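Shared between the two complexes below is chain A, which pairs with chain B and chain C, respectively.
Now for the complex of A and B:
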């Protein structure tokens, strides 16, 4: 039998890209379960819609770009993009929001830059930001309320026929708190059914589900702790400092446990392609997302800020990489800067 | 033993590949066997190849020197068993490229007969130099893999070294050669380490062993005598690849980093493999040179897995067959481990001193890497890198051939351990990219050095030429000055110098002037006449003055001589007249003498210059089209134009002087002059003449009319033609008027 000669190393870890992406998808299951249980079937419908659209567009793009379709589509990366978008969109948003968003993510977020590994921005967040800017009404008013649980049939009608009943939907807790700060005290706001007196009802469990999935990602060594810890710590610090006056600022508990904080920290900003690479770079990147998220949430006009903060830091990632190179063994200091 | 002495520093990065060590540790180290032939390459180590000291056909004994050290960094080769040297030739060596190298081939005689040995149980009493000499002669090299001659490594100034590190880490999966030698020959290792420690005069010996070898740790601990317990410290640490890298182990054991581009000795550390220590013990104490080593034979395609003491030079296929290898199942033959080993194309190569493992995995056991996917910058490689590099950035720069950036990423601090490629989920062969990058950078540096050398050489040559030129110029000036001074001095003396100068000048002029064939012929004729006259005189004298005959004869001889000379001059002159060089010389001389060249010559010259100018114009156009620098060509063109103008002027002048009667132009001028003279004299043209003229003008006018019609039909601009027609018509009118007047 002829012997094969190859350069070392001769063995490899069985972890492949599909393993990485598959683990991420598995770790998103608790989050989707919590979203469905506490809020709406709409998340699952959006997920199915987004995944199907994404797979079709991915296959089409690969065909147009003359790339092997099966080889790339089975890496599951496009499914992760679709799932992240589905987890971020309002569950009662019309079907075309999901389709347009997915198309934006796959075509303009990914393939226009050269596909896998080439995208400078997080594709899901690029799509989310575009939807939020282009369709602000559909993107801000279709959030579920915690005290009405809509049946699957009504949800389907809401998504595909636009039959949304006013009582089903409302603002997110973050949005609600900020909007009512002008007229109400913290206690009055928290007395609303959205908060059950102290914490954003339902959203707490969703956030904890994302957190649980994220911890598994760290345990499985799919991501490192640097990005989530740095982002959550920065956001917590800022919201604790300002949030002491909870009559004027949203308190830390709501910043951390409502909105997309946990989803963002563990699943969104950890997109390896578009974030900083070195461990120290990741700390800087995470802190940047934390600061920007807090600033946009507090002084901006948008209900949440993870998408914009992530995209802004994506811009900065190459720069951060140049200044956070690790020190090489045998060198007294790290070689910093561009040249 | 207190905790501080056992302190270890955690290795950053690293990976945990499946160890696969248990398969080959179940049985004890097997005894060596004598193969059919032994192939001993002259270069099994780092450094210069050794020099053969035996000849084909020589009978040698076990342990006899076959090739000695050559140069400072080298290692000797000895006969692993007794036998006959059957060949000294190029043989395939275990190298990734499958290359061949000079090797001594030994045909064993089966007697395995040792040469005479002189064991030194009392090695401590031996002079230090003798010990060194024995180590240097024993061919011991680093058995961990790199193969650096041990004698060189132990030759450091003891002042400089304070720590000996003994590497028993063996972090590569599958390999258990060091594990087994520590289990079975710990005493030899410790004794060897003691020799090393004595030679280097170090205070402490740190022995590093991964915690997956508890039996080896226990055996080593037991082998350290109480007297040495304070100096010999075994440090154990968590199993992680690549803890056994020299730089990594030094960090783990001492918390110090070997500075980039330096060696451990710069930190006062010398690092040796445990197997090397055992070999050193055998070399020094038992006088057994390095003729065998422990090699692990493992992998799913091997029937009988384990370690064996193998004679150096044993063909791998014989060793593998001794271990019941299943060639059908074997996918690869790796010398070394799965992480850094070399895959060999053929098993018919010898086991050499650095062969610590032969791994024959099946395809299932070590699957081939899949097709390369794009890098998703997941950073797993960075987490795995033990050297603190950014593998994904280096990949990016290596792919784009951005060599400068690649170097700035500290590419040369990469130890090629393969941890990054191992964890890469995209199956990117990262290490190959780094090897490529290193090769490219080295090549570029070599080229740069080469061009620098060439530049220096060129500059030196330029400087030399300048100096020579300056020297020549100085000499010339000195000569000119001397001549001028001499001339002045002569002038002052007021001697017959002017006359002399005039004579010389005329001589020169005569020499360089046109060759006068006629004059030469005349000279010959006159010489002939003189000879004839002399003959006549001689004949007369025979009768009138016989006493003076010899004088007459002498005179005749003289005249004959002169005639011969004149004849030679004539033939030479004739020949010279045809010689182009002489012709050119004559022309130049004539020019100098004020005699201009002929009109024909000048015309030829003008034509040549024209041609040249045209060629240059073409060249200029081509250069302009190419966008080249045209200033030089333009300069040349100007010069040619100037020459042409000059030649033309000369030609015109020559023609004018020649009064060319046959010239058409001159004829016309003459006719016009005549007509003018006639007119001036009041003699008008005859009526016939005028009639002829009128007819001519009419003809001309008709022609112009025809031309005009054509031009109009073609839609061209006709104003010029109309003007010409009007003028002709006017002239015709005038002539007709004159004719009418004349006829009246």
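Now for the complex of A and C:
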């Protein structure tokens, strides 16, 4: 009996991009459910708006660039970008914020650099940063408050006609804590209705929902543990050290569970195109995002920092890759740099 | 193409200082927040370009190669001082708005580049004409970028034109999108200038590619009824 010699690599069939992106989308479902249940239908409306805009613009860009439209649309990557943006935008933001943001992500974040797999920056975060810099008022004042029910019709009117009632919106917990540190003690801030004594009610469940989705991503081997663990660990370490003095610094619990930390750690910085490549590189990348997030949140002027931290580390990703090349099999040392 | 046509075509399109040579990007990106700023700086730069090209062309046979650059810089610096004093005299508010970028015209590489690259090798008339065309080409891009940034950034066009054209120009301001337009700060900030500048260059490249393709098609017209020629035996 002749033996069949199989050459390496002995891998199973390759994972399709649409499978990866589809899994990411499925894992985002708990997060969106939590956002909708605890806060607003606005997230779902923004999601629909962003996805439709993104698909139209993606098809248009592909047609202009003379690329096969069906092949690239069905890899679902643009839907993931749109979903990430919709999850990051304030739910009562006017409709044109979502449209401008999606257009920025698809046209300037993705296709200008050559489309799928070529973008040096995370497209959704590029769009978020542009919106935050361009429209600071709309981007910082339209966050929802817990325990206020706004019907679908009212939400639609808020998004498309600008009828936002003051009582529906407020600052995010991170922003609120930082703004009131100057005049109040930690106990006084935490006693406010936003925090219920120790943690902001809705935000915690949203963070846990993103965490659950992220763990499924790790279980399905869509992402590795390196990025989320190193980012969360760095952020936790910094906020624990400084947070001992909770009258001057935001405590770790709020850093980890009240902002976009979980969404960022599992869904945003894990973009395989714009993050570092090797496992050691991913640890450095995640730690960098963690440090920058803490620094910008604590000493910066913006309510959250995931977008800026991610973009800055995207800049550094080629540099990190340069110095964290793994040793290849058969060599005693890794070849770093140009030789 | 005559010599002067070629100079004009070079300055305005083919070798445009802003779009092709990418010289003078600092003022280009810094002060083009509105049409009036862009036009003011464009006029000042054109004035300096014309003057420096003319002066450099006149002294071209009397200055040795070794010391030519300091001599050119002296000429350009004196002309910039003249332009600065003129702006102080006639458009003082605009002078204050443009601030440091008027003295910084000295460091605009387009001016030294034309002095060294063209004016010192050509006689007075072509050199002056080249300065004028390069200046107009540079100003045109400045004004276009300024208009785009003003429209996107604040929803107006030709705002504050009285700074340059006197009180009667204050009514030129157009509100293109109504009073409700939310200011798109990105276009006003320098990153927006970079992105819009890139888009303008991209459009120019598209037009150039179209012209080239059309010229190629014209040069080798397909003959009707022509057959494939058998080249192998």
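We take it that the second predicted complex is superposed on the first by the 324 of 339 C-alpha atoms of A that agree within 3 Å, B and C clash if a C-alpha of one lies under 4 Å from a C-alpha of the other, contacts with A are read in each partner's own complex, and residues count from 1 in each chain.
The rule is short, and it goes like this: contacts are C-beta pairs under 8 Å (C-beta built on N, C-alpha and C of every residue); 3 or more make two chains touch, one makes a residue touch a chain.
These numbers were taken from a predicted model, which means no experiment stands behind them.
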Partner chain(s) touched by A:116 [first = chain B, second = chain C, both, neither]: first
Chain B versus chain C as contact partner of A:58, first or second or both or neither: neither
Chain A - residues contacting chain B, complex: 1, 3-13, 15-17, 19-20, 71, 75, 77, 115-118, 221, 224, 272-273, 275, 277-279, 321, 325-332, 335, 339
Complex interface listing, chain C residues touching chain A: 182, 184-187, 189, 191, 195
Footprint of chain A on chain B - complex, ascending: 15, 17, 96, 98, 173, 247, 251, 257-262, 327-334, 336, 338-347, 359, 361, 366-371, 373-380, 382-383, 386-390, 392-393, 408-410, 413, 416, 418, 421-427, 429, 431-432, 435
List of chain A residues in touch with chain C within their complex: 108, 130, 133-138
